[in-house]
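Shared chain: chain A. Partners: chain B in the first complex, chain C in the second.
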Partner chain A sequence: MKIVGVAACTSGIAHTYIAREKVMKAAQKLGYEIHMETQGTIGTENELTPEQIKEADFVLLVVDIKIGGKDRFKGKKVVEVPTNTAIKAPTKLIEAVVTKLHATA
Partner chain B sequence: MLKKLQLKKHAMTAISYMLPLVVAAGLLIAIGNLTGGKVITDFKGGYTLPSALTTLGVWGMGLLAPVISAAIAYSIADRPGIAPGLPSGIISYNIGAGFLGGMLGGFITGWVVLALVKYIKVPKWAEGLKPMMIIPLLSSLIMGILMFFIVGQPIVWLTNGLTSFLNGMQGSARFVFGMILGGMAAFDFGGPVNKVASLFADGLLLQGVQEPEAVKILASMVPPFGVTISWVLSKIFHHKIYSKEEEDNIKVAFPMGIVMITEGVIPIAAVDLIRLVVSCSFGAAIGGGLSMMWGIKSPVPSGGLFIVPAMNRPLLFLVALLIGSVITGLILFAWKKEPVEDDGLEKDMEAEEEDIDIGDINIT
Partner chain C sequence: MKIDINNFNISQVLTKNLVSLDIQSRSKTGAIEELTDLLVAHGDVSDKQGFIDDVLLRETEGMTGLGQGVAIPHGKSKAVKNTTLAIGISKNDIAWESLDNKPVNIIILFAVKDTDANTLHIKLLQKVAILLADETFIERLHKIKTKEELIKLFEVKPEEE
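Take a look at the complex of A and B:
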């Protein structure tokens, strides 16, 4: 399973990066490949490449605000949750999404 | 239905775009004022650097409503929202509807633009005109009329009412208001509840009500200072309440607290949420109540201890801050359990995770 995602919170200085960290750790623990971009107040960091997006099985948006570049994910399966959910329960979140994906596939 | 409107997300987007502007403008005003600057009214007469800084800060604050309005409209309607969102906000600012008007204007602008984009159908030759002329003109026209004649006025009354209500509060009412605001500002360590309190205080600053801003600043610093005090107490009395890892976090959280960033406490709060939230909110509520009751005003929305000299009663502010922090520190010291020393991060992650509502997750 390959995942790409974006993290962005309101103040864009703390939760954004905590969420990225948590989600990436959880995904790697589950044995998935993951790339997470952050859109903080400083701007976009770790920007996703078109190849990463193309290869991904789904897009995980961990965002509290409107993010830029959503059109990159056209035609992809996109999941959007608040940063809080991802910080509280990253593993459960990813497992739940994967289960749902298998159920609908 | 209400969830589908995503009101919170749009508002949060606006706050996210507004924050750096508020901080910059506020600090400019502070630097200008502290060096003797005044708002320039006559540009022909020449002016000093401090006055230039103060003026720039005040202008920056004036951009607050337009930025909020444009950001909300952008969040709702994407790029076409920005152009009509800015004028909606500037109307709000100029007729005195302030940030409340800016927010409402932003939402209406966003929805109007969405509707226009959806329902206006043009022949093929006019397709270029639609985003470049038809949508901007129609949306600005509609919003202009709405803001000037219909939406604006009630908001002006509301804003004035709120302002005079806050200014007219006495004694215990002030204390209670300060407690609520302070408790809210400390409640989630820089999260959405804090941002609501923060937006409220920043908005009132625009109306010239400066007390809530002092409460906000105080409440943002109580959690890191309170935690630090509890740690110092634990060292003095040899009663261990923090693990090695947490102690390292506190050493980072304290300097962050000085510049009013509460988020440093999050790593400590994450593993002991209830105790931290209760103690920090309580300390901040008491401190906030005192600050409000003592009429402490801050003309600057951000900057931590460095802008205390810009307040009207700096010493009293420090006393209120100290009382709030000590209360938080004492509660934590008395309530926190001895830590279970663990060797690094490799704990079973799943065991600590909270339950989330999986039914809420939608794949689109």
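Take a look at the complex of A and C:
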């Protein structure tokens, strides 16, 4: 399973980075490959590459605000949740998305 | 992790003067006020009420209690002169909107300059945020007894994964 995602919160100072860290750790523990971009107060970091997006099974948007570059995910399965969901229960979140993905596959 | 953790040195923003191990207030606003006093005394915030207003405004936009007794209120504000953080620990439970619906004892207040070109300081705050994503880090945070211990704890480099 390959995942790409974007994290972004209201002020772009803290939740963005906590959410990214939590989601990355949870996905890696589950044995998945994951790339997460952050769009914070100091701009975009860990920007996703077109290859990463192309290879991903789904896109996980952990966002509280409108993000830039959503058009990059056209044609992909996109799941969007608030940062708090990812911070509270990252493993559950990823497991739920993967289960749903398998069910609809 | 692409973040350059070699430059991580929390002592660039966090000093003993910005830490209180004995927050007196039992209310959220009172605790924010006590920590803001530290920031004002340290010369990092110029307008106390202006900063508090901006922090409380952020509070209305979504909960800042992370669970495990930790809250991270933050204000991006014109009242901030230097981007930094203040840390308060309380012996009492302080009611706070939290992901686990529980009160908090540890409050980490981020003060961010409105127009901050000094990305290094924001990077440092970012690394604090990354540390807080680690449950065992928070468990350690609850056990600290002195300000020195606390600062030392934050000086550890985030795990590279």
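Here, the second predicted complex is superposed on the first by the 105 of 105 C-alpha atoms of A that agree within 3 Å, B and C clash if a C-alpha of one lies under 4 Å from a C-alpha of the other, contacts with A are read in each partner's own complex, and residues count from 1 in each chain.
We adopt the following convention: contacts are C-beta pairs under 8 Å (C-beta built on N, C-alpha and C of every residue); 3 or more make two chains touch, one makes a residue touch a chain.
Note that the coordinates shown come from a computational prediction; the quantities given were computed from them, not determined experimentally.
Contacts of A:Val97 after superposition on the shared chain: chain B is touched, whereas chain C is not. By the touch criterion defined above, A:Asn84 reaches both chain B and chain C. In the overlay built on the shared chain, the residue A:Met24 is in contact with chain C alone; chain B does not reach it.
Once the two complexes are overlaid on the shared chain, A:Glu45 sits against chain C while remaining clear of chain B.
Between chain B and chain C, more residues of chain A are touched by B.
After overlaying the two complexes on the shared chain, residue contacts for A:Gly5 are found with neither chain B nor chain C.
Annotation: chain A residues 9-11, 13-15, 18, 25, 41, 64, 84, 87-88 touch chain B in one complex and chain C in the other.
The touching residues of chain A, when paired with chain C in their complex, are 9-11, 13-18, 21-22, 24-25, 28, 40-42, 45-46, 64, 82, 84, 87-88.
In the complex of the two chains, the chain B residues touching chain A come out as 9-10, 12-13, 15-16, 19-20, 74-75, 190-192, 195, 261, 263, 266, 270, 349-350, 353-356, 358, 360-364.
On chain A, the positions that touch chain B within their shared complex are 9-15, 18, 25-26, 29, 41, 58, 64-66, 77-81, 84-85, 87-93, 96-97, 100-101, 104. Of all residues in chain C, those touching chain A in their complex are 2-3, 58, 61-64, 66-67, 72, 74, 76, 99-100, 110, 112, 116, 119, 122-123, 125-126, 128-130, 132-134, 158, 161.
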